[in-house]
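The following pair of complexes shares a single chain, subunit A, combined with subunit B in the former and subunit C in the latter.
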Partner chain A sequence: MSLTVISAQLLTSLVAEGDGSTFETPGTSDFWWPLFGGDSNWAFTRPSAVMLLTVVVLGWFFVSTSRRLALVPSKRQWLAEQTYDFVRNTIARDVIGTKDFKRFLPLLFTLFTLILLNNVAGIIPFIQYPTTSRIAFPIVLTLIVYITYHAVAIKAKGGVGKYLGSMIPPGLPGWLKPIMFVLELLTYFFVRPLTLALRLFGNMMAGHLMLLVFIIGGEYLLLHGSAPLKGAGVLSFGFSILMTAFELLIEFLQAFIFTMLTALYLADAVSEHH
Partner chain B sequence: MYLASVAASEGAGWPEKLPLLPHPAEMIVGVIAFAVLYWMYSTKVVPNMEKLYAQRAAAIEGGMKQAEEAQAQAQAALDSYNAQLKEARGEAARIREEARTQGTAIVEEMRGQAQAEAARITDSAHRQIEAERATAATSLRGEVGRLSTDLASKIVGESLHDEVRQKGIVERFLAELESGAITPEKVDR
Partner chain C sequence: MTGSIAYLGYGLAAIGPGIGIGLIFAAYINGVARQPEARGMLQTIAFTGMALTEALAILGLVFAFVFKG
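Presenting the complex of A and B:
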């Protein structure tokens, strides 16, 4: 928060001799965008609308495509298949193993496609809002993953006690056991969900904020700045285009990482030891 | 001044709250979104896709099996062809051998026949010559007898013809001549 304030001060002092309009620094408040219900806890927000829209689009695309599958695919089927194949073989099968991966396919495929499309929504024209930059969505998805991998592990290891017992790696000297247990416990119950949710949220929020700064700042410099600053404004716009391309990569990567880590946690849960 | 304005605006509802605080309505939307998509995927998309994978695997395996079968068939055809070829070669060799022996036999037979024919022709020629010789001898003998008697009767003056015929003198003389009792004397010319 203080950083954005400082940059805003700098920017304002630089363009102070302009027409007097002040620069509104893009900040976290820009992510709050209610459609109905004002500022209440139950307001229906724009990211909510985007989230529901992505579900409709994804559901329509994959259900209608998978309804008439041919051994020799059409272009549309090819796209659907490639996406499915990526999640199925590259993520699920390679990480979880051929024995158990099939029952987690709906979960992993839902996570991957939902996160990917909601991330990419950040650079889709007219939507331009990465839904996952609202922490509520990463938290919900992380909670689902969290509950799932614990439930799977307790079932696979035969009870809560055995599950907790499996957190002590075998072959450790006695004095190290309690330390390892606490560390593992922290990892499984605290660090994993925290990092999973924050990584996605942080990347999406920061990336979008950066685009906002480049675009809004560029616009301000171009409209209200002096002649040399107008050049900086053009540069800023150019950079925003470059950053958009970069964002696409980050958006895909984050969806991939989230799904990959979920698969890793599940693989850990179904494994017979530790 | 800015810090003050930021501090003052805090606590004015959702826009200025910490970005790490989840909005309740958005969480509900998130849960619904996930649930709906998960339901669609687990009931429709994943089963259909897995069915396609199974079909494709079956098609590939079937194709491989078919190829194996085709190869086996080709191998069998080749084997039978080779066997037939070998048989045919044996047959040809046998026929050639047979033909050769038959040819030899035929040549042998023909030679035998030709020899027999030649022998027969020679034989009949001999016999004919013998017969002609006998005829000639007989007629010669008659002629010689007649000429001798003519000569003798001219010499003797009297016709000895009847007497000679009666007494068979000439016959006897010739028989004696043949048996070697009388050796003809060389007559100088």
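Presenting the complex of A and C:
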């Protein structure tokens, strides 16, 4: 049902684009797509639909694959194993260390696969909406990470007081200690969650907006421009294909960096000294 | 000409972190090229540095939106 709504909206937007000869610059308002529930804050939007879809697909894929494990892996099992291997060895084990990494694997693996699939949804035909380009989704993911690494650190260091005390690096001259403490406090409680959420959001929104500019701009130049501008329109379309491939790289990289930084913060939390 | 100068400011503010991230990854590539077995350790350090440096650019993006209006 949601698919028909999406295609109907796409069609009306195309018609509206086609008959107007003025160029409408794509902006942040293009990311607001309510499907049900009108224009209110509680509307069921297109990113919510994509998020639900990716959760179902991921759950189905990994549960059904891990049920039928074979010594000689099928293509699906190979894909699942490679993904798990990447998160387990390259991210978790190398960053957190062999002692503690196993208990954080479920969180890291879920984060990586969920973010990756939601990012890649931006260039899958007919879905074409990176969920993480709406700020709410990165904020919720970051909130989970934020609570986890603080809880783990308080438990590992034995109390809130000791946790705050561990933020001062040992061996500093006395006059430097208060300055360093304020800086570290800002980093742990303010800069880390802010940058973690905004890095993912900013990259995905900017990347998708760039694709929109090239495609809508190319369409406008091709259909409404004069003869030399039509050439530029073709060029713009060609470039949008190139940028789509580039987007795939960025999408993977952002999922990797998010998981990597989560692992880094967790490693910092479980470490004995600073 | 109309528009918000905040966006121009963000463009200028992104120069510093851009150079910084370039330097970090140049050093990382150099390190891996000289000693490939140190890759895992260097990767962690490089990404920590990148997170700190990129924080400045992201703060700039936030302030561009804050001061836009």
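Here, the second predicted complex is superposed on the first by the 254 of 274 C-alpha atoms of A that agree within 3 Å, B and C clash if a C-alpha of one lies under 4 Å from a C-alpha of the other, contacts with A are read in each partner's own complex, and residues count from 1 in each chain.
The criterion applied here is as follows: a contact is a pair of C-beta atoms (placed from the backbone, for glycine too) under 8 Å apart; a residue touches a chain by one contact, two chains touch by 3 or more.
This is a predicted model, so every value here is computed, not measured.
**Student:** Just checking: does A:L114 make contact with subunit B only, subunit C only, both, or neither of them? Give me first, second, both or neither.
**Tutor:** Touch status of A:L114: first partner only.
**Student:** Does subunit B (first) or subunit C (second) touch A:I124, or do both, or does neither?
**Tutor:** The answer is neither, since A:I124 touches no partner chain.
**Student:** Look at A:I147 in the shared chain and tell me whether it touches subunit B only, subunit C only, both, or neither; answer first, second, both or neither.
**Tutor:** neither
**Student:** Can A:S29 be said to touch subunit B (first), subunit C (second), both, or neither?
**Tutor:** Touch partner of A:S29: subunit B, not subunit C.
**Student:** Of the two partners subunit B and subunit C, which one touches more residues belonging to subunit A?
**Tutor:** Counting contacted residues of subunit A, the larger count belongs to B.
**Student:** So in the complex, the part of subunit B that touches subunit A is made up of which residues?
**Tutor:** Listed in rising order, the residues of subunit B that touch subunit A are 2-3, 6, 12-16, 18-27, 29-34, 36-38, 40-42, 44-46, 48-52, 55-56, 59.
**Student:** For subunit A, which residues are in contact with subunit C within the complex?
**Tutor:** 94-95, 191, 194-195, 198-199, 202, 257, 260-261, 264
**Student:** Within the complex, which stretch of subunit A touches subunit B?
**Tutor:** Contact set of subunit A toward subunit B: 1-2, 5, 8-9, 28-29, 31-32, 34, 37-45, 47-48, 51-52, 54-55, 58-59, 62-63, 66-67, 69, 71, 81, 84, 88, 102, 105-107, 109-110, 113-114, 134-137, 139-141, 144, 201, 205.
**Student:** Given the complex with subunit A, which residues does subunit C contribute to the contact?
**Tutor:** Listed in rising order, the residues are 40, 43-44, 47-48, 50-51, 54-55, 58-59, 61-62.
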